[in-house]
Amino acid sequence: MMIRRCNTIRLMVLGTLILLTMSLGWGAQTADCRTRVVVAQGVEPTRLDPDMHRENPSNNVILHIYDALIERDWDERIQPDLAESWQIVNDTTVEFKLRKGIKFSNGEPFNAEVVKYNFERVAGLLPGAKKTLNAADYKSIKEVKVIDDQTVQIITKHPDPLLLSYVAAKYMVPVEYTKKDNFKKLATKPIGTGPYVLKSWMKGGELVLTAKKDYWKGAPKIDEVVFRPIPEDSTRIAELKVGGVDIIANLKPDNIQEVEAEKNLEVKFVPSARVAMLFMNTEIDNMKDVRVRRAINHALDVPSLIKNVMVGNAYRVSTVAPKSFVGWDPEEMYYSYNPEKAKRLLAEAGFPNGMDATILTPRGRYLNDVQACEAIAGMLAKVGIRAKVNAVEFGVFAKQTQAHDIPELMYAAWGNNHFDVWDTIKTCVRSGAMFSWYKNEMVDENIDKASQTIDPEKHSRYLRLALREMWRDPPFGYLYAQRDIYGVNKRVAWEPRSDEDINLYGAYIRK
Amino acid sequence: MSGYLTRRVVHSIIIVIGISMVVFLISRLTGDPVSLMVDFDTPMEDREVLRKELGLDKPLPLQYLIFLKGAIKGDFGTSIRYQEAAINLVLQRIPATLRLIVFTLFWALFFAIPIGIISAIKRNSFFDVLGMTFTFLGQSIPSFWLGIMMIMIIGVHFRLLPISGYGGGDVAHIIMPAVTLGAFEMASFARITRSSMLEVLSMDYVQTARAKGLTEIIVIVKHTLRNALIPIITIMGLHVALLMGGAVITEQIFAYPGVGWLAVQSIYNRDFPVIQAIVMVVSIGVVLTNFIIDIIYTIIDPRIRYDREK
Amino acid sequence: MIEKSNVLRKMRGNKMVLSSSIVLLMTIFCGTFAGLIVSFDPYYQDLENKLKPPLWRDANNRIHLLGTDQLGRDVLSRIIYGVRVSLLIGILAVVISALFGVILGLISGYYGGIFDDIIMRIADVQLAIPLILLAISVIVVLGSSIRVLVLVIGFTQWMAYARMVRGETLSLREKDFVASARAVGANDLRIISRYIFPNTLSSVMVLITLNMATVIVLEAGLSFLGLGIQPPEPSLGTMLSESKNYLSRAWWLSTFPGLTIMIIILAINLFGDGLRDVLDPRLENY
């Protein structure tokens, strides 16, 4: 009896071992002459439907699969893409001339009807279609008119200075393919006109794109682009070092040295569109007095922050527009670092013994966000503002800020995909706007005037006036614009972009 | 035997119901479960619709039944981030985690048992002291530190193993995660094996076998090994639960596409429906493991069953 | 039952227990008098002098024994403060678990029947849910603070105590001295508190020491995930988490906090083991 049971156990153990080893391969890989580039991101894409996501990691995959009517080049200037030309008919109408003979990867043709279908979807004008996540960007669209097969007009309800920017962000999806199941399959089985198609996607693992040899602009030079999600910074860098991945984004300044030290790696910099700002909540009594807010600006030693927290990877901005933005003011003025003056201003405003304050910041969302806030808290403490840092997960941060609930101070590195400061200040400064805890009538007036014209001259002028008043009556502690840092394997000839897109069309493998 | 089995089945069902209650109550801790289930800018009307669906105006016990009905069907809501059914996300990633756990248990036992046995036989020798030091260390190192150190030393410095990812499911990619995950388990198993062996070695029938002149090896294999392994099998369910928990951190470090990493991601995204689904699925898995072990027990040795019942 | 003098003598004799108790006493000393021992303010940032290696002297000729971190803070001082936080959470959580678990175990073992069934099933439920997942769920909902951490960890460790005390109570309640106490007219409460509970104490103490180690690792793990202690509060887990990004540049940022955790846990384990060997070797398999 006992011996039989012994054997049973032995058999079970043996069986398990065999199953185990069979299920695990031995890692044999066939040699592949195809060129391959691996990009590591912090998270994996959510969906590959271009109108149903709101984050960079998804966008980086999507931009390889789809095209838009127009696109931004590496200098962020707008260039033709699926549209070969366009003209501004009047303040509310833009007409696009489309290229001929372009097909989606499932054979469907690309034409004016497709454009109409796409913009109606995001403008909420397509019956039966679910509201898209980017709908807010396109709510100014009144109608889309098909003039002929190759000509289409987009008509807005009122002048929208950012219309072209939004059009550049709208990727074209096929009509028949998506009509069949109301866009459901598109999320995991995307079909576009772009240079790559989706080959495979293991959730949580590799997402593989293969090149389209007959792409209308010319076949891409890199056969396979792979996206891998790796959440840990240190693991990403380790993989870059051993050649497991070729490109990583969001390299921390403190890690620049170790990447540069590797012979086969290099660090690439690009000016970012993100501007770090210390929001001041003027709805709270303590922050109402302009002297308090000027005092805070005088208390911030921005050069020190740039040098030590950002390790030189930022450049100071006088307000919230770096040089690349529409509305940038060439006459830049900075608040001097002057703790004594800060203390004096605070006393004048009625706070001789300083005050308490909390700085809300997300954790790990922006480059060195928590370290910057800790440093800022230290600087504020030196002038009597006893600041505490409340670092929360980004999800919580987003929830709180959207609920308009922030403490005295908040740190955010505000992105701007349109390279027009109007986009930032209409959301963060105009009184009554979602992320504005400030009110200044002159600023409001200028922002509104800038909203009402597509004329680039007038538009910039109003913006400059608004920024000057904002400097005098600050809604923010002014900090710096960031520099994006990428770690790249030298075998890949690729350049990063200010809009944080990782675009490998045009990149190639160096021999 | 069938009486015992039915009793175990009933117990397991009660436990699963208990788990569902815990999960249900946690979601009610804030007072507004809907805020946990939707995106922060979801308009009020959509929230009201969800509120009606969850029956939040009804008495708590009724709400629980509604939740339970959904849970049995596998419906834990829609992931806020992925806009997909939470349960699908979980089921997609469970196989990878299961592989990791099985492989971890395999290597932990593979090393722990011989170490434990030899330490017991050669008690207080140099080997024993070495083995015991080793196990103490194994139980004291935080696993995330071990993982990061391994990546740095074995992965980057010596380039011996691939650092992260699934790699098509091959052995090389699973070694470091498994070692990181299983260090603590291995140490535990070694110690338990050792003390269990010590106990068994001192028993009468072993002395008799020795006196009869049978060689040491036969003595060990025939009479002692099986009983010595019993304590390990007893706590296997507990260790599976521990491993599931440990996998959360390990998968994060090694970018291993399993359920643990999904759990961490869901924390960062405050994606509560997914967290709910994970807790339920994993806990049920543990209960199932315990149940299966009990069945294995009754097959191996009905006597033990009676002992455990006391 | 073992007399106190015997216990102390046996423990003094065992070298491992002796050295581990010394380490533990030092740890507790650090934790209690942290403010007095440190030579630097653990919160003070000195951005100009960040990431300096161990044994580095600053401009005032004060020596940073273990170097500075990414914001120029003294590593040794932060470790000492971190030890205090870990100990605080450890002790509080363990006290809650022990209290909760012992009481439930006594009830379960003494009264048996339906109480036993219910309590043991609840224990099974909690054992089935991996602690980290439970902690994650609660912290997502309630946010992370020392209070939430202590409560979550505290209310999820009671099962081991309950099971063990229950087992002991089961055997103790059949013993003669309990029967005679009942004959004399003692009520249940008196019996439990005067006769049964004191006899479980030695096992409970062993479990408490071993549980402390688990709790400290747990807190470190949660801080590593960003769910535990928030900056700028120092905690060993947070320090380890932050050090991840400086591994090749500043090895001391991860090595010393890691070693600290390891040494403390090692000491607790050795001490607990020694205690167990001395008090009741039967508990080996717990």
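Letters are used for the chains, namely A, B and C, taken in the order the chains are written, and counting of residues starts over at 1 for each.
Methods note: a residue touches a chain if its C-beta (ideal position, glycine included) is under 8 Å from a C-beta of that chain, and two chains touch if they have at least 3 such contacts.
If you're wondering where the values come from, they're calculated on a predicted model, not measured in any experiment.
Trainee: So which one's got more C-beta contacts, B-C or A-C?
Mentor: Of the two interfaces, B-C and A-C, more C-beta pairs touch across B-C.
Trainee: Just grab the chain with the largest centre-to-centre distance to chain A, centres being mean Cα coordinates.
Mentor: C
Trainee: Could you please state the distance in Å, as a whole number, between where the Cα atoms of chain A are centred and where those of chain B are centred?
Mentor: Roughly 38 Å, centre to centre.
Trainee: Any idea how many Å lie between the Cα centroids of chain B and chain C?
Mentor: Computed value for the inter-centroid distance: 22 Å.
Trainee: Please work out the Cα centroid separation of chain A and chain C, and write it as a whole number of Å.
Mentor: Measuring from centre to centre gives 43 Å for this pair.
Trainee: At which residue positions does chain B touch at least two other chains?
Mentor: 148, 152, 156, 252, 264, 267-268, 270
Trainee: On chain A, where are the residues touching two or more other chains?
Mentor: Touching at least two other chains: 232, 234, 393, 396.
Trainee: Would you give the residues of chain C that are in contact with at least 2 other chains, written as numbers and ranges?
Mentor: 226, 244, 247-248
Trainee: Taking the complex as given, what residues does chain A use to touch chain B?
Mentor: So the residues of chain A touching chain B come out as 5-6, 8-9, 16-17, 20, 23-27, 43, 46-47, 52, 202-206, 228-232, 234-235, 238-239, 241-242, 244, 393-396, 398-399, 402-403.
Trainee: Where on chain C does chain B make contact in their complex?
Mentor: Result: residues 121-122, 124-134, 136-142, 213, 217, 220-221, 224-227, 237, 240-241, 244, 247-248, 254, 258, 261-262, 265-266, 269-270, 284-285 of chain C touch chain B.
Trainee: Please give the residue numbers of chain B that touch chain C in the complex, ascending.
Mentor: Spelled out, the residues of chain B in touch with chain C are 11, 14-15, 18-19, 21-23, 26-27, 29-30, 36, 136-137, 139-145, 148-149, 152, 156, 192, 195-196, 231, 237-238, 241-242, 244-246, 248-249, 252, 263-264, 267-268, 270, 272, 275-276, 278-279, 282-284, 286-287, 290.
Trainee: Quick check: in the complex, which residue numbers of chain C touch chain A?
Mentor: Of all residues in chain C, those touching chain A are 44-45, 47-48, 50-51, 70-71, 143, 226, 230-232, 244-249.
Trainee: Applying the document's contact rule, which stretches of chain B touch chain A when the two form their complex?
Mentor: The contact residues of chain B facing chain A are 40-41, 81-83, 89, 92-93, 96, 99, 102-103, 106, 148, 151-152, 155-156, 159, 162-174, 222, 226, 252-255, 257-258, 261-262, 264-265, 267-271, 299-301.
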